[in-house]
Amino acid sequence: MDKGYLENILKSVSTGRASVEDALNTLTHMHIEDIDYAHIDHNRSLRKGFPEVIFGEGKTAGQIAGIMGKMAVQEEIILVTRVDEAKAEEVLSGFPEAVYYNDARMIVRKKKDILIKGRGKILVLSAGTSDIPVAKEAYITAQAMGNEVDSVFDVGVAGIHRLFDHRKMIDDASVLIVVAGMEGALPSVVAGMVSRPVIAVPTSIGYGVSFGGLTALFAMLNSCSSNVAVVNIDNGFGAGYMASIINRI
Amino acid sequence: MDKGYLENILKSVSTGRASVEDALNTLTHMHIEDIDYAHIDHNRSLRKGFPEVIFGEGKTAGQIAGIMGKMAVQEEIILVTRVDEAKAEEVLSGFPEAVYYNDARMIVRKKKDILIKGRGKILVLSAGTSDIPVAKEAYITAQAMGNEVDSVFDVGVAGIHRLFDHRKMIDDASVLIVVAGMEGALPSVVAGMVSRPVIAVPTSIGYGVSFGGLTALFAMLNSCSSNVAVVNIDNGFGAGYMASIINRI
Amino acid sequence: MDKGYLENILKSVSTGRASVEDALNTLTHMHIEDIDYAHIDHNRSLRKGFPEVIFGEGKTAGQIAGIMGKMAVQEEIILVTRVDEAKAEEVLSGFPEAVYYNDARMIVRKKKDILIKGRGKILVLSAGTSDIPVAKEAYITAQAMGNEVDSVFDVGVAGIHRLFDHRKMIDDASVLIVVAGMEGALPSVVAGMVSRPVIAVPTSIGYGVSFGGLTALFAMLNSCSSNVAVVNIDNGFGAGYMASIINRI
Amino acid sequence: MDKGYLENILKSVSTGRASVEDALNTLTHMHIEDIDYAHIDHNRSLRKGFPEVIFGEGKTAGQIAGIMGKMAVQEEIILVTRVDEAKAEEVLSGFPEAVYYNDARMIVRKKKDILIKGRGKILVLSAGTSDIPVAKEAYITAQAMGNEVDSVFDVGVAGIHRLFDHRKMIDDASVLIVVAGMEGALPSVVAGMVSRPVIAVPTSIGYGVSFGGLTALFAMLNSCSSNVAVVNIDNGFGAGYMASIINRI
Amino acid sequence: MDKGYLENILKSVSTGRASVEDALNTLTHMHIEDIDYAHIDHNRSLRKGFPEVIFGEGKTAGQIAGIMGKMAVQEEIILVTRVDEAKAEEVLSGFPEAVYYNDARMIVRKKKDILIKGRGKILVLSAGTSDIPVAKEAYITAQAMGNEVDSVFDVGVAGIHRLFDHRKMIDDASVLIVVAGMEGALPSVVAGMVSRPVIAVPTSIGYGVSFGGLTALFAMLNSCSSNVAVVNIDNGFGAGYMASIINRI
Amino acid sequence: MDKGYLENILKSVSTGRASVEDALNTLTHMHIEDIDYAHIDHNRSLRKGFPEVIFGEGKTAGQIAGIMGKMAVQEEIILVTRVDEAKAEEVLSGFPEAVYYNDARMIVRKKKDILIKGRGKILVLSAGTSDIPVAKEAYITAQAMGNEVDSVFDVGVAGIHRLFDHRKMIDDASVLIVVAGMEGALPSVVAGMVSRPVIAVPTSIGYGVSFGGLTALFAMLNSCSSNVAVVNIDNGFGAGYMASIINRI
Amino acid sequence: MDKGYLENILKSVSTGRASVEDALNTLTHMHIEDIDYAHIDHNRSLRKGFPEVIFGEGKTAGQIAGIMGKMAVQEEIILVTRVDEAKAEEVLSGFPEAVYYNDARMIVRKKKDILIKGRGKILVLSAGTSDIPVAKEAYITAQAMGNEVDSVFDVGVAGIHRLFDHRKMIDDASVLIVVAGMEGALPSVVAGMVSRPVIAVPTSIGYGVSFGGLTALFAMLNSCSSNVAVVNIDNGFGAGYMASIINRI
Amino acid sequence: MDKGYLENILKSVSTGRASVEDALNTLTHMHIEDIDYAHIDHNRSLRKGFPEVIFGEGKTAGQIAGIMGKMAVQEEIILVTRVDEAKAEEVLSGFPEAVYYNDARMIVRKKKDILIKGRGKILVLSAGTSDIPVAKEAYITAQAMGNEVDSVFDVGVAGIHRLFDHRKMIDDASVLIVVAGMEGALPSVVAGMVSRPVIAVPTSIGYGVSFGGLTALFAMLNSCSSNVAVVNIDNGFGAGYMASIINRI
């Protein structure tokens, strides 16, 4: 529930356009809305500053559209993650104003342009070509939450000079998101170059003893640089979310 | 190398009190200083905003004192982590102005009072009594890096009302550090209550399938709240460091 | 073999309607019946108070129907778990009186209405939308075994107030089944609120370091609340069964 | 806080012996008492029906005695688990009325005889000689919580006839606790013999691929009997606690 | 290479029907025959008493038939394991005298009836219905290697009386193969009843913490009975082979 | 209970030297004898052909002596495994006729010379010097159970020619026990050379990714030779036991 | 970027055929070329002596062809690994001069014949038939990098005499690549026979506790021979690459 | 057995100073010498170019000295690894000409100066101060095997500029040994800078999810640079050995 939406209801009450009973009813109803397969937590955008995000994996297009429909009344912005192309097409048929980002596998639906609320720039770096989908998920999330975002992809540690070519961009960022699979070494190297917080995202890219991202995850948690904290494997969304709220402090 | 220390050298040059050759020599020498068992990275406090921190585990009291001696010339503050009481006593005999924090197992040595540089307050929460040493390590680190810090210990999820008793302190924090062993559930619950970034620290407390902190770590990485990022098991220092640089953005 | 069924045979003998030889023959035959691919343990409902339950995974519709046919003669109720829709349809063509529960993936076939034998109410709670199938399996099982059952779904710890909205229902339950994937924190929180036994069921919901339910399992076994015991990952049936026999003590 | 203790305070108020202010003060103070290293949850015995149990591992004798001192005023019974002999001796010097159980490594301190509150008998079975300490922890806990308890030790599956020698005791129990290390097979066999709930406790006994109890734990969670739920490795206390509250339903 | 086949060649030489050069050439050629995708080890049946067995998984029907063709000249018996129905049909079109065992997924091709060479009887026991394919693989292998073999399926430990119903068969066996998934408890119980060697075979049957057979494997290796040795998960063939050579000592 | 001992009792009854009541009493009492910390299974040597073996780890010298005392009346031979030197000395003070084998860490106590009951020779091979204690445990056990035993130590695969130097001994054995740590390759190589059963014993020797014997264990279970079965890590006793009963078939 | 190609540009400048600006532009542009989904590191063949190799897995035929097109201008040789047949056909339609190696799943495209740069011969050995694809990947890579290469396949340790038949070839190699799945024992045995470096490649061949190659990997890292180093599971390309640069020292 | 030593014996025979029988006897005896707890493989230095190295862990000072005594007659150089200070002192009392390297925990005993046999320089790099013992083990080994060796310690990726300060030394090396614990990122970065082979050595340095070196090991095996091969955790000796034989090709 967007703050503006709530303000309108309260103003209606104060000006007599709505009775106290009606407003109470609306607000109570909105608190948590039960649509059989989900408890929608409308209170969340007030409490947390951003509405609940819909995790698309394991939900049908119909369920996603159903939840979006309920949220659309009250929220300025709706994010859906982990949606494949076929499902997205079906969802978008009912929300033609929403946009599907193919590489990030996300749907974004906004009522108006997003205001920049972040203090500085967020920079998303990725080690390899195959890490791009996760990096894009972080990018789109951070942008949708009101931040200026930059990105540099395919700058892994096997050719460290490629990283140094982007030195200025790295120095200028206020928060960095570093995405890497395989040996997961990039966050340590980047964090050693800056004094800003680095959110490290391991990806499931690799084979053999990459263990679907575990090796990268453990390497990042063992980083010899102290300005690193880590999110779950392939969790680009979580990294974008965390970077955003850091950027607003 | 503290910025003020560098400024003094440069001023000496500009006013003719020191020759260019001497200054060059001093600065080059300072860049990285080799004392046989360590490359001291004096450049670090310039580059990262805080000097290198001495990891005490596996170093003798003599080695710790040796590194402290080299750093003491140029740094305003020196932190040593993971030092047991006996070793600390030996180190402090040479640095009587330094302070040993028994529960956090840390030595702090400062030249003058620490200036508050953080924007808001950092809050350290711990789930159990046994998690306190790790929580204290985070507390002392955040304080030494120039932040106001509060703490509440022993508020685990088995008695969730204890947590709600501290609701105001939780709402007022700009960054939260949440320390928990065993099932590691506290960060999820706390992060669900606030819109601020939460740094989660798993501890090695527990037995059986706690796996020395792994279960808590994985639970935290799986948090259903998005404003959580995680550091290594028992890494209170890293959490305090990360929270500090977030609090300065 | 239902107790009533056995009673009938014995009465026939005592009244002379059946000879001792015939009865002996019938009972011996019933003890364990071999239908090539299974030893049906007819003695079980006498020994354990509930007939053997058919685990549908890895059995063909024909095999399931075959076993059901043998059991139908003697048992009041038959449960089949882990049956997908296509297989269920095939099975039900021969047992039109049986019911298929789509979300729980179970078939229930009963001769008459189930008598309530449990002392109190069993409550099934689930953390997320995706945990519902496992929760429903527990629900249907507990109901089929003669209990009053209630349920609340999607009350995970990231929005802990949703849980408190159902406080009364939680306080009134005599046994609680708590189903959760990801970080598996819900059982600890719920168990801290009540003095009743909590059966925790980890689910395979999650990604990355959720390890197909292992993280939730280990978190539950590490619960800082003592009134928690745990069953295998996704084992909703086992939790429903265990809760039922606890509710009858 | 024992219910009787609370009743006394309230009666004092109602009869004018204590002012409302004093009573309020006493009760608020008692709610949660902070003794620096612990938040004592006096409210717990009201909420959960049994006071908080002191986990002795990692606490000094002084800390244990300190917590016991605070609890002794208000609680009828106090349990301390995982206390070695030396520590116990030190604690008991201040509480001569308390008893130390050497094999269970527990301290029990009670004000008066424990009333039997359980409906039936609890039976504790253990597979091997080395599992006895864990089995005894379960035994003492269940007894202290007001149950009649029986036990049979060293009846592992390699000599299954030893188990059948105790058939009657097994059939008569209302709840069974089965303790086993190594291959952890005993709970499955026992649960197959009875219709009552079985709480399985894996122990860390074994070598090689026993993995400190993990193999036994996983075997128990995979039990082909449905009336089994499991607690953490070596958690005799938890099993005794869980069996007790089941026995009271 | 069957011993009889070799004898014939040598006799031809001794009687002058074949020259030394020809015989030498034949024997050398036979030693190891290279058919591009395999080194066929014809020497093996001499050295080991049984020809190489063809592991069907990952080989095409064409490759299997190719190897069988080369072996058919010299070997009395050929076994192929892990062949699905479609592939088997294709292979059998070229070897109409061979037999495909559907449940064991094996092809057996023999020139004449197999002589019984084993001293006693081999007994194959399986815990559940789903373990039957692995049990059958052991059965067919032991039979093909010249042993009398008996079997009892679906006698798991959850209904231990089913096992005792077969007591005589168990007592009479000279070697026992015990196949079980899930908690893998059956070999321990059976081995406790007999003085003969037990070959335990874990199967990949189960879910959750059965870990595709690992839990059963580790339970079997931890058996508290000493007359148990273990083979790889689902390795029915290996168990049948090992039991056979034990039965011949 | 030795068969001869039983025979004596029965003869006393048949000749009237003992009453039926007395004999019954003696035999019942002997069945399973409870000495507080253990159920001694006297029936075992009748049922299994060899008395229970005392696992010394985790038992005090007093407990070991106590069990030996009870067994000594009825058994021809007593084995104790995993006893360190100090404990052994204490035990032997009460059983001067017993022998302690330092490298195998075993105590053997026999009433008279052991009869050879095995058909052929058992050969114990070990890969490295550090594997000798486990190999010796197997050696002593097989010898004590009435077998001729040979051994060759330190013939690992890094110098495969050392193995071939002992070809004749390898060919002559009826059962082979192969002990190896680190990469655990020796059993595969040896099993490829013979047609006899090979019992493989992984040891905990190694460092890094030897994982205390797990790597050797898994390598052995994956052996490309089919005449291999495996026992638990460091379980020399189990291998000696298994080889013995194989050798008697 | 091939050295010859660079030389041509520089000669053009020195002879005036190209201006300094043009050459600078060309070289800068070549350094790293961004084609949206990849940073092509043209500098690599200068720095590392061999151009970047295209990892085909997870790339579309179009992306592979796109990268090949950019590289083709400047490189003498292009390797693509992990390409299935369908994809390869599509790629080759645009590069008819390139060759697809079916068993190694590689594409090789060369401008002219490869010069032999290696000092000695590289020998590729594989343990089983199923390991051949990985062995062939190593073979083709080493050949493409300018080495004489030999190979022997299917010489596993279960028939060690097959290995000794190739003794001369083994003794003559300057570097050996040994490929094995299952128990991974072959590298240890081979390394024990030679004084040359052995690169061990574990493969994912096996079942049960082969863990997709982990057991072979750990066995190889534990090799009791010291002249062994290991690459990732199934990484035939890496082994061929490493052997090549060793062979050039 | 040193080649010179063998030459002397043969010359004695050819000149008649020794009889053929004596020489034969000496040589046969030398082949493999059995000193009860070890088979000394005197043939090894002929076959492999370097004598067997004594792994000191788990051997007593007496055993080490015993083996050294046997080897000293025939070998030019003897290496002992993993010897602590106390044990070394005891060993050196009998071999005063041997040298103990405290940080590498090695004993080196040589008859004369070591000839340089390697083609180029070997460079040993380590990431942290705590990795130095492993790095020194590699250093001493490579030196003892006849190579020029350089080293740079404490150049981890958190301060990547420290690495670039040593660029020339890195470019000049013919083989590189890179030692790192924690996240194990250094080998990837270094290998990306050079065209020479890199032997990566993971160390057990770290805490939490460093898993005693496993994370570093897996990161190194996942290196995105192809010129990397890996040895076991903490195996500095193996890396030095492997680098030496590479350097001789």
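Read from first to last, the chains carry the letters A, B, C, D, E, F, G and H; within each, the first residue is number 1.
The working rule: contacts are C-beta pairs under 8 Å (C-beta built on N, C-alpha and C of every residue); 3 or more make two chains touch, one makes a residue touch a chain.
Please read all numbers here as calculations on a predicted model, not as lab measurements.
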Chains touching both chain C and chain E: D
Pair of chains joined by more contacts [C-beta pairs], B-D or G-H: G-H
Homomeric contact chain E-chain G: same or different residue positions, threshold half: different
Intercentroid distance (Cα basis), chain C paired with chain B, Å: 50
Whole-Å gap separating chain D and chain G, where each centre is the average of the chain's CA atoms: 62
Rounded Å distance between chain E and chain F, as computed from the means of their C-alpha atoms: 28
Geometric centre distance via CA averages, chain F-chain D, whole Å: 39
Numbers and ranges of chain C residues touching at least 2 other chains: 159, 193, 208-209, 214, 217, 221-222, 232
All chain pairs that touch each other: A-B, A-C, A-G, A-H, B-C, B-D, B-H, C-D, C-E, D-E, D-F, E-F, E-G, F-G, F-H, G-H
Chain A-touching residues of chain C, taken from the complex the two chains share: 129-130, 132, 153-155, 159, 161-162, 165, 205, 207-209
Touching residues (chain side chain B, partner chain C) in the complex: 127-128, 156-160, 182-185, 188-189, 191-193, 206, 208-211, 214-225
Chain B-touching residues of chain D, taken from the complex the two chains share: 32, 37-39, 41, 43-44, 57-59, 202, 204, 213-214, 217, 232-235
Residue ranges of chain B in contact with chain A within the complex: 47-50, 53, 119-120, 174-175, 193-197, 199, 217, 221-222, 226-232, 237-239, 241-242, 245-247, 249
